[in-house]
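So that you can tell them apart, the chains are marked A, B, C and D in the order they are listed, and the count of residues begins at 1 in each.
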Amino acid sequence: MTIAGSRDEKFNRRLRLGMVGGGRGAFIGAVHRIAARLDDRWELAAGALSSDPERARLSGEDLLLSPDRIYSTFQEMAQCEGEREDGIDAVAIVTPNHAHASAAEAFLKAGIHVICDKPLTTTRQEADRLAQLARETGLIFAVTHNYTGYPLVRQARSMVAEGALGGIRVVQVEYAQDWLATRVEETGSKQAEWRTDPVRSGPAGAVGDIGTHAFNLAEFITGDEATSLSAELHTFVQGRRLDDNAHMMLRFASGAKGMLWCSQVAAGVENGLRIRVYGERAGLEWDQENPNVLLFSPLGEPPRMIRRNGYGANEVSRAASRVPGGHPEGYLEGFAQLYSDVAEQIVARMEGRDPNPFSLEVPTIEHGLRGVRFIEAAVRSSEAKAAWVEI
Amino acid sequence: MTIAGSRDEKFNRRLRLGMVGGGRGAFIGAVHRIAARLDDRWELAAGALSSDPERARLSGEDLLLSPDRIYSTFQEMAQCEGEREDGIDAVAIVTPNHAHASAAEAFLKAGIHVICDKPLTTTRQEADRLAQLARETGLIFAVTHNYTGYPLVRQARSMVAEGALGGIRVVQVEYAQDWLATRVEETGSKQAEWRTDPVRSGPAGAVGDIGTHAFNLAEFITGDEATSLSAELHTFVQGRRLDDNAHMMLRFASGAKGMLWCSQVAAGVENGLRIRVYGERAGLEWDQENPNVLLFSPLGEPPRMIRRNGYGANEVSRAASRVPGGHPEGYLEGFAQLYSDVAEQIVARMEGRDPNPFSLEVPTIEHGLRGVRFIEAAVRSSEAKAAWVEI
Amino acid sequence: MTIAGSRDEKFNRRLRLGMVGGGRGAFIGAVHRIAARLDDRWELAAGALSSDPERARLSGEDLLLSPDRIYSTFQEMAQCEGEREDGIDAVAIVTPNHAHASAAEAFLKAGIHVICDKPLTTTRQEADRLAQLARETGLIFAVTHNYTGYPLVRQARSMVAEGALGGIRVVQVEYAQDWLATRVEETGSKQAEWRTDPVRSGPAGAVGDIGTHAFNLAEFITGDEATSLSAELHTFVQGRRLDDNAHMMLRFASGAKGMLWCSQVAAGVENGLRIRVYGERAGLEWDQENPNVLLFSPLGEPPRMIRRNGYGANEVSRAASRVPGGHPEGYLEGFAQLYSDVAEQIVARMEGRDPNPFSLEVPTIEHGLRGVRFIEAAVRSSEAKAAWVEI
Amino acid sequence: MTIAGSRDEKFNRRLRLGMVGGGRGAFIGAVHRIAARLDDRWELAAGALSSDPERARLSGEDLLLSPDRIYSTFQEMAQCEGEREDGIDAVAIVTPNHAHASAAEAFLKAGIHVICDKPLTTTRQEADRLAQLARETGLIFAVTHNYTGYPLVRQARSMVAEGALGGIRVVQVEYAQDWLATRVEETGSKQAEWRTDPVRSGPAGAVGDIGTHAFNLAEFITGDEATSLSAELHTFVQGRRLDDNAHMMLRFASGAKGMLWCSQVAAGVENGLRIRVYGERAGLEWDQENPNVLLFSPLGEPPRMIRRNGYGANEVSRAASRVPGGHPEGYLEGFAQLYSDVAEQIVARMEGRDPNPFSLEVPTIEHGLRGVRFIEAAVRSSEAKAAWVEI
């Protein structure tokens, strides 16, 4: 358990964060800011918070940014911050999906580390190009598959890696919500509007918005790669232009078989990201809505409830925890973990040392690229009557 | 709530039950006998309890059967009981799957009502022929999809029928176990042996044994018909000859979409039959391992925990309950409900009246036939790389 | 796991049960009859089912009793059955509380084993006298503290006895319901009427009806004796003559401390009997409304979910189970266990052998006597402003 | 739902927080700092972080404090900060209990608002004197009964106040942990050391450390006052000088009856603060370890699961939420709510306006005083064999 504020003594300042998107009326930007703040490794130093200049200015003032670091465009911000002595250490890109690529490119070219929301881009081509650029620059490029920041998700991954389950056989992953069960995109919800708009969201709806998280979680925990899928995407709400429900079967490189369900019309479900992994020797269950417990069921023994920072919690999950067992941590803490891990990676580079190995659990652009390939495969399979398609 | 023993006053005797299969060492036969006994509508009067004559005799003595009604073969039993003045009112067929059809045929031809375990038969041809025969005789033919006997499963069905969910969109059904996670069929388990033997089980393993229950439950609760499926069957345990895991996508006549997962290698899961149904206006969840609660989630309202015989339980579920809410009923009570309902149907015929309408919830041979078609479609789809196949 | 019907081969008949009380309109009588029937060890052979002769006759006919064994009074029944060659092997006494003692006495004097509902009697004097008589006769006298028939309750008891928890420190037991939250005794409910009537119920309401179960469970599982208590009984519903809520602190002989809460006005709770036991080395939790799991939490290890007939279930709980893990058993099965155990005890006597040791788990008149002493102490303590009173 | 960072536009800075205690090796200080930071209303500006000057200095450097605002003593800090133009707006006192009173007094006298950990003081006299002083100064004095910051705790309180439960009858509250189940105070745990030391903790152990939270929660939610109690405190771990388990019965001014259990030896329980409130018309249940759901059970209707920021969440709980339903918030967010509410109260005073009414939910010194009276009464009752004692 690491209580926040434990900066390395030699590196005696908070890192500076810039933000693209996330101005007034946005949702995920505020989450990123809380996440950055929570462990006291970051301070918000600059922002191009809206594509609308006036909104950008007002949003910057809300956040107490220095006037000279409130930018109208991300291009301007990338250039100026790249040149400042006290320029930002990293940028968080929290715009709608279609704007990720160009913004990320600008900051990479300015030599600034990137923390980008998912899905990485709206097309495979963009994603490939961006990944290529990121590899060339050698900069840190984190993709906020934030659910990997939950301590017990990391413990699940490490338990699989250590062989606690034996060879994996079956992966059941799902991510269900109900907030798009009716046509809310016509009621003035900004969130719903862009998520159901192919121009801003890309070719997939639920699959891109939440299916990518489910897919990422399955690959993250199993350490395995899904090589092909058979998918049926469907739109239940009349007039909607993107899928709001998808069913898929998955085949993994190891021979494991999986199912993935994502839905935004599952009446009564709030944010039901859930994964179950069954191996030759044991099974694991984790549910995002009750994230402080990991059910571990070895064959032949009663299931054990491993609790965050409790008995049975290993060093991997303890390293990602703040408070003792029984004091629930949640969504924001999981998200914060990614920011703290990126900070650790950046400081380690500054100090010319290896980062704490646990900090390397943060998803990178390679995971972001997997997500885009997943979306593209799912759409293609569904168009081909659920034919098996390579990912 | 009907407390047992409430036989109609004019019909003053217990019905007589015969049994084929279910002798020493069997499992499901004993369950059928408890189920028949529980509500005091039946007495066991005759049996051909094993294909081995000596075992048949000993098993009959265990059960205190009259010696002249302990039979060596079902043929003999069908004939004798059909001719006796005090012959059995119905026969329960609880053999391995491959023997269902011939036994059922014998009793139908002897004019005796049939209660048959599932899956109905091991081939589609047999199933069709048997269904044809059953229709011609007009006799009662119940198939023990016993999970439909749970009070809250029936309430779920009636709530869907009454429109409490609006049009159905998504059906997630699964039936997972772990008892075949290792090669137990080689350790002397009679149960495992025949269930993994294509000769006695038919062309499917997990799909036939438990997938059929999941499929039945989905159609039972939604009142909808699954018209096609795309399936991947797989055998994880080396040397096993039948599938022990299957993933499927389903399309329903109404336009609803579904997923079905069945597995007998899901480490840590005992008997995880679970269904979730999402409609335009509400969702429903039910889990066989916690069967006394039905979660009902209307859009816009907090989810409600409807408890068996508790507040919110309707007349359909109350009619299938014995004891007050909070006094859990379970597997045996759900199974017993089918026996009591068949008794009601038989007595109503004897008395020339309409049966209590709730007693008609019992699955019939038509449901059994659906199960066989489901198995056949699943096997065919899997062989064709998960192509969509009509059910 | 014992599948029903496994009578000892040498003793080739069902035992004969008589019943006092339990006629039309009664509740618990029907439960006793299902319980007796479930494992096929008993047949109902005689009854004095109501103190009203006409109702007694009709009730006997409902149950298909032979006319000569439908009695108008328990006195007549005790005498006749005691003299018959094929007389009943045991009697079940299921009347309101005030009638237990005289009926039990009559059957003991007729040499007939007794199964009596709880609380044993309405006064300590009666209980003492009856216990004395029972001891003198040497007959079996079971008291249906039916919750001790649940397999995992028995496992909890055996785990404590084997030292799995170390020395016991704290016992939290509670039994809450809400069916008396309003003045239902004035709405025609027979059940509510007699339970709130001091003449028929005795000096306590909730304490006698359900508090005794909670108390019994605490002593049963810990194997310890509560030596004194401090209680506050209260009546919340205006006009009611007996307590409908009670709070108590308990001191055990071993030095353990406990709390007991019973209530029949706990809005929203159906039948919430729950116990938690904490020892030096581990804790245990069990909840009657979810009875197929026992939570076992050894200090320093993740809590384990021991499931009925599942991994971690011991021979004690397996002996009291019927169906495999994951196939829930409930209230009726737990109740049935007591009947089957009494049958085993009776047959063992007939055969001159020791009974299966697990059958001796059935609560006896000594436990019934403890219950009466508990009621008397609770009432006395409450009258003395919650002074500590010996039990 | 208020996303963090929404400072009032006219008041364009973060508030400045000082801290007494909470240096290296401490636990709750770091929690307070995260809590203050989370909603971006505060910045840590000064500290007297340890009574050891060297540790105070190092701790201040860890936290990036300006060297001139790292103090060796709280007296010095109170004086200097009280005089600075940019002095702290409030001080957080997070020392062991015995040091609360003198520190709080110093800051009140310096005109600085106080946020103090609980229990307020170690004696009733100190508490009375401090409360008197606080009333005279008119300064804000918050006591961090942090569990009142959970959104659904506040909703529970408002539902009771609005009469959703009718008159309250029964309150069952408990707070169990197991971290003191063995003699950890001798293993080098600073936390355990002072909590089991009467000099630093005061006259009670578990009762003071966690019992006060349970007591506060009961009064907070019911809006009722417990007027007397009957308690039995006990020490199970040999050699320990303070209670590690306590059982109590409570009487409320309204006539409601309650039980309170607190324990730090409940093997397997991490941080089990749980409350159940039963009224004439409905019941409520809330469990700190699963804080995003509030079970509301109106008589005659199925229980409803009210989820944080979900359907059925009212404006009170929404005002205390950050992220949408299904994205769990936990302990730190609940704690943060108190800090944000105090900030709102301070800013409102600065701006000469009424504060947002929801911000007044924060417990004050009057609640702190209740806690001290509760401790004192519990100890006195236990010494008098659980006699009823006024609170």
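Just so we're on the same page, a residue touches a chain if its C-beta (ideal position, glycine included) is under 8 Å from a C-beta of that chain, and two chains touch if they have at least 3 such contacts.
Protein identities per chain, from UniProt: A, B, C, D = Gfo/Idh/MocA family oxidoreductase.
Since this is a predicted model, take the numbers as computed values, not measurements.
Colleague: Among the other chains, which touch chain C and chain D together?
Modeller: A chain counts here if it touches both chain C and chain D, which gives A, B.
Colleague: Using the touch definition from the top, list the chains contacting both chain A and chain D.
Modeller: The shared contacts of chain A and chain D, listed by label, come to B, C.
Colleague: Once you count every C-beta pair in contact for both, which comes out on top, A-C or B-C?
Modeller: Greater number of contacting C-beta pairs: B-C.
Colleague: State, to the nearest whole Å, the distance from the C-alpha centre of chain A to the C-alpha centre of chain B.
Modeller: Computed from C-alpha means, the inter-chain centre distance equals 44 Å.
Colleague: Measure off the straight-line distance from the CA centroid of chain A to the CA centroid of chain C, and report it in whole Å.
Modeller: Taking the average C-alpha coordinate of chain A and of chain C, the gap between them is 55 Å.
Colleague: Using CA atom averages as chain centres, what separation in Å is found between chain B and chain C?
Modeller: 34
Colleague: Could you list the positions in chain D whose residues touch two or more of the other chains?
Modeller: 269, 299, 303, 307, 310
Colleague: Sort out for me which residues of chain D touch chain B in the complex.
Modeller: 296, 299-307, 310-312
Colleague: Give the list of chain C residues in touch with chain B in this complex.
Modeller: 3-7, 9, 12-14, 27, 30-31, 33-34, 37-40, 61-64, 177, 179, 269-272, 288-292, 307, 310, 322-333
Colleague: For chain D, which residues count as touching chain C in their complex?
Modeller: Touching chain C from chain D are residues 165, 169-170, 172, 174, 178, 181-182, 230, 232, 234, 236, 245, 247, 249, 257-259, 261, 263, 265-269, 276, 278-283, 285, 295, 297-299, 303, 385-386, 388.
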